[in-house]
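Got a structure here, written out as structure tokens. Questions coming.
Naming follows writing order (A, B and C), and every chain is counted from residue 1.
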């Protein structure tokens, strides 16, 4: 490549802006902005997860809230048990709660991965509209389950008193927690970029474009798609754990289909299949919510109009507008 | 559990199933004919309910409200189809999902702007307010019974419309082959608008009827929409017959699950635990049903290929 | 190694509703040969290929490949077992370059599709074999062109390159010459002539010159039935074939 593309410049600029953001917010004396930026980082990560399935693999999942919420509940359940010093269960062996982020993340990733495996096994037997409706339905099943299961707060959700801990970092400091989330967001971006360029990524892109060809080449599309779906769910699940930690609260709202729609909207606002699409999408979303949410309680009405406009008239999303058509190789 | 209670719940399930069918029929028609997935179908249900509640409150007549619900939802359907939906027929499913998701945001928030966040209440007409006595002294809500009957009639009407009328023949031809019907000189754009409006009117009608049982509020269409999706997945996309079978199945399984599962777990658990486990599991029952059907018949019970 | 055929097709049947697409088809493919399958449009040739590859399930009958019954194996299994096929209507990954299409076949051959980290760009273990396959079909100069921008004939060549990269034990080529200009066809004929020694070829082709110059054996499919199998001479002189198929042409 002779020169960097405009998209690359945009990505570098965004990365740097996010890195120095806490200093700017502190200089402006607006610490709340750091919380907003943390939400951007976390939502980006959630959308990075979806983008792997949707952008790279063409799997239009309308049920990613399931993984986001499962990640959130992994945090809520572990931390609430740690808070009350009661074990989660005692039979056949004892499992205690924890307030260590590292363990919580691991549990969130594993649990959402398992959920994605089951949902994927069933929904990937179908394709097209069926896939959309089935992922939506299974997410809804988990949503209703958490609402009607009283142990962890049912409809009211679950609060924890203090943010969980990370070795050597004061997580109560907003900037520190922001950087934790930012590092994970970059890790997620790096991972998804690596996957996209790998052999697996090649097979996944082929699965999106021409399943028949992939199979005739000797690679089973189902297994490729299922693997991608599970990785995608795991990334979104990790984001869910972070979001619950940020809010110190998890409720079925995280599992609702509006959440699924929102994560998908992030991907689309930024630009489907673009590496930084999720980041740009999350940024636009949070800024939009902040500005219009402050002006009118009906801000989602305007969000709907913008989204409709993007889908009908600007399919490349914001990056498409800023940096032109996607490059292929 | 007594037989009367069981029978009552069975009828409740049937009533719920009939309502679901009115939703699912429109969705599956629109998908079968135009190949479009419409998430905003639940918003049309909501529009019907609000139109009915508003007109009933203004005129004092539930019946006028019911007419208004059909007119309002049908009209909204025409408008939405002409402004947005017809740009989506040639797009992929992702675009359809996003655009119709955007429509939900617009319609829900728009409705909130007009009617506010508090639920409206809609009363069933006087002569249907009480119970009716069926055979053997068994009593059941007259209104719910009326829904079952009306829903059944609509299902029959839809069947006749599709199999016997000229419009139905065109709809089925459109399903089979877009070019063919265009070649026959039928204006495909108008046909699509009509199909969409029929689906919308059915959804609005369902919303109005349910509005007298539940409260009328923003977002009321969404749970029904998702159940209608489950119905379609179970029944097979594009098939009215599948939608009917799926609706009744989902309505009955959901309703019976809610009343029988806690009792079932009570057999080997204490009541509190049984109630919570039963409630949690019964909320999942129809999805489990869907999963089982998917394992054995990924294309749904009534495959469209036949 | 005995003289057992590489590929044996036994009594394959397939109906689409009332239409019988393949009717009790039995034929085989021996080591080192080109077995041409000819027949009028709609005779069921492509259907047969799809049945062999597992893309369509057969109503009855068996496919035996290298002594192994392929029943229960899906398309990917059969490709990995060594069936290299090309599609009648090119079926390629359109947003990939020609090279990356072939690289996909190479990674499948190597069994390394579940590697998540290493970048495929510049990965010699993929690019070199892929380039070599492209070279064999004279497409190396077009390696970095997006498939969507390749000409019809070039896509046909790319299909063959992908099959080559799989290093298959038998080729199933569905009208490889179609859309390939006279020059390209001539080159391809020369190429297939050599290729048969690497792995036998079941060749569907409408270009009779190509068939008569290449085939060791010819089978004629009409309405899903094999009405004759034999050498080029046999088929030329077979009255049933003349009547049913070559009819006016002969």
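The rule is simple: contacts are C-beta pairs under 8 Å (C-beta built on N, C-alpha and C of every residue); 3 or more make two chains touch, one makes a residue touch a chain.
If you're wondering where the values come from, they're calculated on a predicted model, not measured in any experiment.
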item	value
Chain whose mean Cα position lies farthest from subunit B	C
Centre-most chain, if every chain is reduced to its averaged C-alpha atoms	A
Intercentroid distance (Cα basis), subunit B paired with subunit A, Å	31
Rounded Å distance between subunit B and subunit C, as computed from the means of their C-alpha atoms	50
Chain centre separation (subunit A, subunit C; CA means) in Å	44
Parts of subunit C lying in touch with subunit A, wherever the complex brings them together	53, 55, 74-77, 79-80, 85, 87, 91-97, 100, 103-105, 107-109, 112-121, 126, 146, 162, 166
Complex contact set, residues of subunit A against subunit B	54, 60, 62, 122-123, 125-126, 128-130, 132-134, 136-138, 140-141, 144-145, 147-151, 257, 261, 264-265, 268, 272, 298, 300-301, 303-305, 307-308, 311-312, 315
Parts of subunit B lying in touch with subunit A, wherever the complex brings them together	31, 37, 84, 87, 93-95, 97-99, 101-106, 108-110, 112-113, 222, 226, 229-230, 232-233, 237, 276, 279-280, 282-284, 287-288, 290-291, 294-295, 298-299
Subunit A residues touching subunit C - in the complex, by the definition given at the top	194-195, 197-203, 205-206, 209-210, 212-221, 224, 227, 328-329
